[in-house]
Amino acid sequence: MPNEVIAEFKVTRMSILDENGIADVALMPELSHEEIRKMYELMLLARAFDQRALALQREGRLGTYPPIMGQEAAQVGSAMAIKPADWVFPSFRETGVHLSLGYPIAQIFQYWSGDERGQLTPDNLNIFPFCVSVGTHIPHAVGAAMAARYRRDPIAVVAYFGDGATSKGDFHEGFNMAGVFRLPVVFICQNNQWAISIPVKEQTAAASLAQKAVAYGFEGIQVDGNDVFAVYCATRNALEKARGNGGPTFIECLTYRVADHTTADDAGRYRSSEEVAAWRARDPILRLERFMAAQGFWSEDYGREARSRASASMDEAVHEMEGFPPPAAADMFEHACASLSPRQTRQQEGL
Amino acid sequence: MAKLNMVQAINLALREEMARDDRVVVMGEDVGRDGGVFRVTEGLREHFGAERVIDTPLSESGIVGAATGMAAYGLRPVAEIQFMGFIYSALDQLSAHGARLRTRSRGRYTCPLVVRTPYGAGIKAPELHEESSEAIFCHIPGIKVVAPSGPYTAKGLMLAALRDPDPVLYLEPTRLYRLIREEVPEGEYLTELGRARLARTGDNVTVIAWGSMLERVLKAVEPYSADVIDLLTLSPFDAETVLASVRKTGRAVIVHEAIKTCGLGAEIAATIAEDAILHLRAPVLRVTAPDVPVPLGKLIDHYLPTAEQIRAALDEVLQY
Amino acid sequence: MAKLNMVQAINLALREEMARDDRVVVMGEDVGRDGGVFRVTEGLREHFGAERVIDTPLSESGIVGAATGMAAYGLRPVAEIQFMGFIYSALDQLSAHGARLRTRSRGRYTCPLVVRTPYGAGIKAPELHEESSEAIFCHIPGIKVVAPSGPYTAKGLMLAALRDPDPVLYLEPTRLYRLIREEVPEGEYLTELGRARLARTGDNVTVIAWGSMLERVLKAVEPYSADVIDLLTLSPFDAETVLASVRKTGRAVIVHEAIKTCGLGAEIAATIAEDAILHLRAPVLRVTAPDVPVPLGKLIDHYLPTAEQIRAALDEVLQY
Amino acid sequence: MPNEVIAEFKVTRMSILDENGIADVALMPELSHEEIRKMYELMLLARAFDQRALALQREGRLGTYPPIMGQEAAQVGSAMAIKPADWVFPSFRETGVHLSLGYPIAQIFQYWSGDERGQLTPDNLNIFPFCVSVGTHIPHAVGAAMAARYRRDPIAVVAYFGDGATSKGDFHEGFNMAGVFRLPVVFICQNNQWAISIPVKEQTAAASLAQKAVAYGFEGIQVDGNDVFAVYCATRNALEKARGNGGPTFIECLTYRVADHTTADDAGRYRSSEEVAAWRARDPILRLERFMAAQGFWSEDYGREARSRASASMDEAVHEMEGFPPPAAADMFEHACASLSPRQTRQQEGL
């Protein structure tokens, strides 16, 4: 009886669109030019939001903001695979997801301006509030998936988080439950290589984050997170599997946080400009542009136009946001609980 | 009408409400096949199936977190934490999420969640099986905290908790689980959340207690003319009833089995000191456990407030 | 003697103690290479090396748990929780373990651990970045809780915390980090744990505050003849100093930025109601945040107690 | 670019002594007959403790007690590989470990009688207090390993826990840190198939617990937990690796909790007597007896004698335990903190 092998596992990486914008035709998802243009324009929109948010923050018109630059493909690609009935549990760095799903732009600005009212998800979307507490929303996604299964709703649930979140106890407890109950949930980790100043190598000794799924008895896959097609495919497959009772999937999107952690951070303190430059060269938008250009449906003009449309959307949204009346003090009590206690009522009256 | 103990009364409440409302699901460690380590959920799995009576992995934070997601989706989960001593790792989920979901989502998502947990000392169980840390949860806006003092209120409070649109922490005094039998009607009656109950009336002093201490207080005060207030809802607590009684008696003694410092007794005393000071004739005394970790079984009777300590406090305030 | 802000004062305390005692190690998220998100640990990694200034994975419970193991082994870890809003998932480790290790091991193992965390509101940061839940920790026997009110006490309290044989939760009021500069001597001076400081003396009323509220109180009380007590150690708090002052002034107002219900103010008021009632001429008032979750930046100024609210409370008690 | 395999993992199971008591000589560790006899006698001692504890509990002379019956090989085999300088972090069901390491028997009884003084580990041992809160002691072991590394102490740290503990957030956070810092720590999970009424299949969807180590980038191995030699070997190897800076190891011991969860439990409510009977037949003591008998160093007489020595040790320990004076009320304050506050002092005086 020598040591007997009782199980073997493989972790794979999916990529379709390479850095030069050349796609593997065999793997390429069926997407019309129109759909690809939509992806492209959403990525531009996300980038435009980022740039505008940074500018507003510098001018003191916005609070702390966590830019997504570099992660547009991971966010737009995955969100494009989500259906309106699906439930989405974002972290705090998913502007691209919010925008792709149609969350009102002005409200995203409003939230980051320190106004809770930005969190009111429109009725036609099932997006949970931004979750700043890293990884702690993962069990909520799991619970929603349990409830959806109980209700026999033919939907799936998606949770987004970062590489840092994989170290949290709630990641583990949530993943484990998802496995045990074989729930219709897709976990999307944007491994952007950093959790503030902690590189992923110091976050875990695992060679990939995808392999963490082995611990929970379901599939984990790594995708090139700057490849919008691979992200889209992996997410679509996982969502279909989830809706078809095939259980959860963990998708690790390898990407990079090109900007500072937030406007309160200075990434220069902990990482080299060479590293950043190398990743800038792998820009997901550029890559898609190259693909579209090679396929003949991108031109300088179109790019310029699309950018200026994105920018105009921002003008409009910022205008709208700045037109929102400031919240009243009593607003603190508005949603504190369904009905106020006598003490709370007195406190509200006393404001 | 049947005489039930508290285990049976809570079980009955769950059973009736599950029959009435298919949104109610029960979840936790050993709640299903085993019927809960105290048998509070006994028979529910057989009756309502494994989909509604869910045995979970050993994950306190995950249980409360998943229940929060279920509640947001539209169910009405009842999550069990096997003993209050294991609830601390779920505090983040309760405090940063369950309690705030309504606020954070501006009312779009709510968290009608009941977290049940056996609490309190006196059963000579291992470490962390006899905790009474209700004050921590009373300091979290957005959660209600309740503690029944007998089978009748146990059922009424459970039904009220199950109908409440916000998270309710439901504390089950283990010492009372099988100690008291009371008439517990079948069918619906709600013990209103936020309302205390006058368990006994008198003239000279107000004694405030809840959970397993009520029984002890009622015995201790027999020779006195005391208002005894059974708080029932610990947060938000019924200040009006407390203040009205204290204004009448001029004296207040608060009894709880948690440690003294920053216990719920402090809030009650502070409220009296703020709003009824002119009516006070005596110091507001607290009879509590000492400020030490809950000891193991051999010392637990020295830890818990005794009838003698309660009487000593009454005698002291009655001197004024 | 240099004028330092609080960030620099805490940094100096850590630096001096690390140089003096190689058992002291610093750990947490971003405390090393980045020097902490508020720069409190800036330069320590360069000076003392990565083995003593340890960047950890994103694991609040794991950080406090591992630090507990290190402390038991004989080190003196200083664990940072990046913001108090993320400490809740470490509560189990603090409460069920750090605080009880001495008891559970009958003194064989101890936990000389300092948990540092930025706390309090007023910096307009995202959700959970402005929490003030000190009362929860004051309800845990076996842990001390301290909160400096300026650079001088920040250094003295840190040194005292680092020398303490039991766990100390060290709360750093973010609003004050860079607001106040004070003379902070180099070298050793310890601000004794368990002792409050009379920040100002007067005759008519006692105002008790700590952390970032002290600065606000001192401004608000200028026109009054008030004793202002800077609590410094929140648990165990210096009841003697509070009571002595209240016996003198006959009036007490407590100011804190946590919510009212079951805040530490309740314990202080209850202690007064228990031990100084005969000296009181007026209700004991609390000026606190309202009982709602901490709002985001746009509403935070309405949440925090204001100078006007403090004065209104003073005026009210002075009517008696 | 089809999906590229980026990592492969194997999980192995080690066993040496089969159910008939026949050992694989190639794998057999070098153990003298005397050492094997010691293992055997410790297993008998553990079983004797269990039986005595159950009897005392029934008579009301002991509080709730968690029996270890069936897990003796996993506990004794692993503990025999531990050196006195190593640090051990037990859960609440490691009587066999305590006994093997020489923890005073009377104190173990004392602890389960509800007397905290049973927790005072003798100075020559480095055993942490019993940990009832499942899995939450794992980070302590990790921290101790960090401290030992910092001190350059040539020791290793061992943490024991059950299958249920693998679902706790602290398991995850502790394991992950152990991996990141490559710490000298050995994690020993007694997978006794049940966490109270939850079978391991409902605890996790992972086919083995050993594979959970993949998530943390270190080795996990499954051993036959009723095979004292395999457990001993795996633990010894892992401890040597740890002391030699080779990082952590996770050992899953496949075993079975033959008795009720505790004296307050009734396992008949949730599992079949057939299952229990099947595992009883795999009794680890019986298996070792068979081996020793075949090797010619076990006889009925020796077995009887060894059992009666174990029983005599229990008589003595129970006698000692029952002679301990009851704790005084003031004892609650004894170790609450290094020095009491004025309020605590008054409370102590007022008792």
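All chains are identified by letter, namely A, B, C and D, in their written order; residue positions are counted from 1 within each chain.
Simple rule for what comes next: a residue touches a chain if its C-beta (ideal position, glycine included) is under 8 Å from a C-beta of that chain, and two chains touch if they have at least 3 such contacts.
Worth saying up front: this structure is predicted, and the values here are computed from it rather than measured.
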* Structure fact -> Chain centres computed over CA atoms; the one at greatest distance from subunit B is chain A
* Whole-Å gap separating subunit A and subunit D, where each centre is the average of the chain's CA atoms -> 43
* Structure fact -> When centres are defined as mean Cα positions, the distance from subunit B to subunit C in whole Å is 30
* Please report how many Å separate the Cα centroid of subunit B from that of subunit D, as a whole number. => 36
* Calculate how many whole Å lie between the centre of subunit C and the centre of subunit D, each centre taken as the average of the chain's C-alpha atoms. => 40
* Per-residue overlap in subunit C, given as positions that touch at least 2 other chains -> 56-57, 59, 61-62, 85-86, 89, 92, 96, 103-104, 127-128, 141-142, 236, 261, 291-293
* Asked: For subunit A, which residues are shared contacts with two or more other chains?
  -> 116, 133, 136, 167-170, 173, 176, 180, 202-204, 336, 341, 343-344
* If every chain is a node and every touching pair an edge, decide which shape results: line, ring, star, complete or other. => complete
* **List of subunit A residues in touch with subunit C within their complex** => 63-64, 92, 111, 113-116, 130, 132-136, 164-165, 167-170, 195-198, 202-204, 264-265, 269-270, 326-327, 329, 331-333, 336, 341, 343-344, 347-348, 351
* Structure fact -> In their shared complex, subunit D is touched by residues of subunit C numbered 25, 51-52, 54, 56-57, 59, 61-62, 64-75, 77, 89, 92-93, 96-97, 101-110, 141-142, 164-166, 194, 236, 239-240
* Spell out the residues on subunit D that touch subunit A in their complex, using ranges where they run on. => 1-16, 18, 24, 26-27, 167-173, 176, 179-180, 182, 202-208, 210-212, 214-218, 221-222
* subunit A-facing residues of subunit C, complex -> 29-30, 32-35, 37, 55-62, 85-86, 89, 124-129, 260-261, 290-293, 295-300, 302-303
* To do: State the interface residues of subunit B toward subunit C in the complex, per the touch definition above.
  => 61, 85-86, 88-89, 91-92, 95-96, 99-100, 103-104, 127-128, 133, 135-136, 138-139, 141-142, 235-236, 258-259, 261-275, 277-278, 280, 282-286, 291-293
